[in-house]
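After this come two complexes, each holding chain A, first together with chain B and then together with chain C.
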Partner chain A sequence: MANRRLLVKRRKAVRNIRKITRTMQLIATARFQAAHNAAVSRRPYTDKLAELTAGIAGAMGELEHPLMKVPEKEERRALVVLTSMRGLCGAFNANLLRTAIEELDRQAEKDVDSEVSMVGGKGVAYFNFLDRPMAEEITHISDLPSFDEVEPIASALIDRFSRGEIDAVDVAYTKFISTGRQRPVIERLLPLTQLVEGAEGDEDGRQVEYEFSPSPEELLDELLPATVRIRLFQAFTDAAVSEQVARMVAMKAATDAAQDMIKRLTREYNRARQTQITLELLDIVGGANALE
Partner chain B sequence: MAEPKLFDCSVVTPERMVIECEARFVALPAHDGEVGVLSQRAPMLTRLDVGPLRIEQGDGDTESFFIDGGFAEMVGNRLTVLTESAVAREDLTREGAEALMTQARGMEGYDDASHAARQRAMRKARAQLRMLRR
Partner chain C sequence: MQDGNVGKVTQVIGSTLDAQFPEDTLPAIYNAMRIDIERTVQDETFTEALWCEVAQHLGGGRVRAVALGSTDGVQRGADIIDTGSAIQVPVGEETLGRVFNLVGDTIDDLGPIEVTERRPIHKEPPELADLSAKTEMFETGIKVMDLLCPLVRGGKAGLFGGAGVGKTVIIQELIARLARFHSGYSCFAGVGERTREGNDLWLEMQEAQIGDTGKSVIDQTVMVFGQMNEPPGARLRVALSALTMAEHFRDQTGADTLLFVDNIFRFSQAGSEVSALLGRMPSAVGYQPTLGTEMGELQERITSTSSGAVTSIQAIYVPADDYTDPAPATAFTHLDSTVNLERSIAEKGIYPAVDPLASSSRIVAPEYIGEHHYRVARRVQQILQRYKDLQDIIAILGIDELSEDDKVVVRRARKIERFLSQAFYVAEQFISIPGSYVSREDTIRSFEELCDGKWDHLPDQAFMYVGTIEDAAKRAEEL
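Now for the complex of A and B:
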């Protein structure tokens, strides 16, 4: 009898949890859609900026700029790691942090000093647990970061790079490839390499003769930092979209698991009830037989 | 009267496409003064300053934005304004601009970098106030 009541209680608890995880799944789906739409509407700026840089590259021939200079020896570099603020998103943070730590260990072997700028409470907590040093902890970024939130981080990195305090900047984030695929990656932010993927002209393959104001060199001075800022922003956006997908998938799995568990508990409950009925019947039949 | 000649105009920030329309005239706050753009202007690439951006649309409406630096490109009868922030004229408030000014006044300006940042903030606040007076 006690066993049956226990089963009912557990089933009720699992039902409640399923209700919660299903709600969280719905929320994550809505957030994912919002983040994805935002990511799409953020693309034109990036594309246009690359186009402008290509236009200037065409006019200048060889591009040369402090932000593009590869230092002779890489001794100090910064790694920006984009984890999430909140948990319950499956292996999202674990996968990214594993990639980041592998990279850090690899760099340490090569005697490169890496300082970590950790974005997201989850990453901060994990590094504290491992007793790994962090140069910076950023835990005030919203779910879908706005440009104003990312800009100061990027500008500080650009500043330190141009002053020569760091020789390179990398960013570790979860790249959004499709709804079914997100991959933790490490990308180089500074120095800027692969700026122009084959400077192309307009449709007839002819370069446009721009009227530059001020000179192309001065324009480049503004364009390249803008490119770095937008690249970091893009990484933040990708990470935000990936996080929502990861949460969606994790919560779907949790809801499905709860569903299975409810089925199993119901079966166990029914079996326990049937056993009891059979026992009672046997008792009655036994009693009647004894009277005859 | 002949129909005014139109050209495509779009204003893009990192976060979204702010406006995409047909315009007959656009006034840009270029780094060296205001630049007016009409249809069929020669290809141009210019740096922008903080200041007002005015778009006279094909249907006669005028849209104004406060933009915070960036670039403008005119190519193939298509003007693209890239800026890190564009605020519609209607969304600018006197209080906001004054708060910006107070904040700029409160900034430290001891070395070159912080002084430049302070000057930039002041210029931005002043440009907003000027735009509001109009």
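Now for the complex of A and C:
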């Protein structure tokens, strides 16, 4: 017979866990709303900026800019990995880190030197556990990342790329596609190549003719770094939204699992209680009968 | 038998009966008494002997006795003859290869046997000074048992388990493994289990050969049965009959003797069935108040002495999987090694379903099995214990929330769990995987490498029903 007191204790523990996971679920839902709204309200600006940059770049035809220069041979590369600061978000970090490590191994096979800028305590802990080197550990980004937090990271990367210290910059993050779907992806941040490829006109396929003042070179000097910053910021925002969704889902599953376990423990407890009562009754009745 | 001391049956209550004797010739406790019952089956009349055993003196020349057979047809006033001694069973070399019931009659249809010696089934346990103090491990080739709950040569091992978790299969497997390589004698007591199983075992023993001597296992074995169909009195005493035969081999030949008992719980159960009829007040959970004494009297006799060793392996049924039930609980304390079979493990399809955390042995200590073996056994248990502790967290939050170290523990524990399964010789026809014998060195090495993480890359499935760790690697390639 299962020990009754033990069952009560376990049930109490599971109840407490359920209380926590349910609260976490509610908080994650609220945070997700906030992060989602922020991301959505920012999108028109990001889109317009991309359009503008693409337009200018397209209009200029053959263009030369340090941030768009594809090096002849890729030798040193930076990979920014956006994991979460906190746990309890299911397989969010595990999935992303798996993708990142696969990419790192692939690059290592091609003799490309990758340096990892790890964002988020969870990723730092995992890489420490695996004894993998990290060039940078960033663990002070808030749940709703602001541009001011991301800007120095982007600027540092742009500087180093411009100086030729690194030949490429990639960012690994969890792309937010919809509430039901988030996917770990690796995107190229520098050099800005896709920008030109995607610059073949606007929606109607028309090539808009611009007249520039100041000169397009000067404009690009301003716009291209801004694009890189905004893109990195976008990745941070997406990661934040995805994290909250993942936490929401994970905590919902945990609450349900805890609920099931409470149900099971309650049933076990009731059975144990009934068994004990029956046995005691039997003992009493048996004893009384024997005395007659 | 002398007809000197004759009494009359005065009362029959189920499987107990009262008899009146002259007060000056009152039969002693444990004395065997005989009633001749005339039966007619299809116009054929024959006389059948019903054996009884004196259990209580009621005063005034009246005795209360436990019937060792069916009391059907016993009449008040029938003659009951006191034999003047306890039930006596034949002992010695002549009994080898034969099957008996508890009063020592053969039941294998091969005719009666001629013996030079019979011994009473009741006897005092050996003196303290005669007990043997040797401690030596008894290798079985079953990984989980050799690693975590090794048998003791000349010691007692208990296989605990609820209904249908594989106690009898393990007993039969141990007979197949030990008796086959065993030079001494074996004794099997079937106590209140299925008659079919007894029959299977008998046939199997006739087929199985001892090493390459050309002799069958049965030629070195005595079997005594008092199965489910027998009345409680028979089930209560059949273990003693088998034990008496085993004791003779131990004392007279000095050979190592194996004693298998399936199932000790039925002995307690039979005792409880007759207890109330004998007029005793039931004790906890309805068991007889003398439960501990009865178990002690039986278990204390199963022991190794300076003249020879008896290694006994007993199956013990655990009612409703409740290990706190008084019957299995009283048996626990007498054993050198306990092998607990767990339903939740059997449900995962892992056989033998030995619970690696609850099973233990007296000799799991560095001074008996060696520092290395001890360390590996404890490491395996630590990993499995950690896994067990984490189980609730995994059930609620999922495995991704564990720390990296714990994830490694869980992965390894899952492999270890599966690696504890093993194919049995006697189960080959059911699972179509040939049985495997893993030496103790291989077992220790395999588990050590598993704990060290040398085999983390193999899929969990590769560890099911393989022998050594190299077999698992081979299996992984096939998958």
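Structure notes:
To be clear about the criterion, the second predicted complex is superposed on the first by the 259 of 292 C-alpha atoms of A that agree within 3 Å, B and C clash if a C-alpha of one lies under 4 Å from a C-alpha of the other, contacts with A are read in each partner's own complex, and residues count from 1 in each chain.
Everything below uses one rule, namely that a residue touches a chain if its C-beta (ideal position, glycine included) is under 8 Å from a C-beta of that chain, and two chains touch if they have at least 3 such contacts.
Being a predicted model, the structure only gives us computed values, none of them experimental.
Taken together in the superposed arrangement on chain A, chain B and chain C fit without clashing.
When the two structures are aligned on the shared chain, A:Ser117 is found in touch with neither chain B nor chain C.
In the superposed model, A:Glu151 makes contact with chain B only, not with chain C.
Shared-chain residue A:Ala38: touches chain B; no touch with chain C. Touch criterion met: A:Gly87 reaches chain C, while chain B stays clear of it. In the superposed model, A:Ala253 makes contact with chain C only, not with chain B. After overlaying the two complexes on the shared chain, residue contacts for A:Leu223 are found with chain B alone; chain C is out of touch.
Once both complexes are placed on a shared chain A, the shortest Cα to Cα gap between chain B and chain C comes to 32 Å. Common to the chain B and chain C contact sets on chain A is no residue at all.
Those residues of chain C whose C-beta lies close enough to touch chain A in the complex are 276, 281-282, 284-286, 320, 322, 324, 392, 395-398, 400-401, 404-405.
Per the touch definition, chain A reaches chain B in the complex via residues 38, 41-42, 44-46, 48-49, 51-52, 55-56, 146-148, 151, 159, 202, 208-214, 218-219, 222-223, 226, 229-230, 233. Residues 10, 12-17, 30-32, 42-47, 69-71, 73, 75-76, 80, 82, 84-85, 113 of chain B are the ones that touch chain A when the two sit in their complex. Per the touch definition, chain A reaches chain C in the complex via residues 1, 10, 13-14, 17-18, 21, 87-88, 90-91, 93-94, 125-126, 129, 250, 253-254, 257-258, 261, 279, 282-283, 286-287, 290-291.
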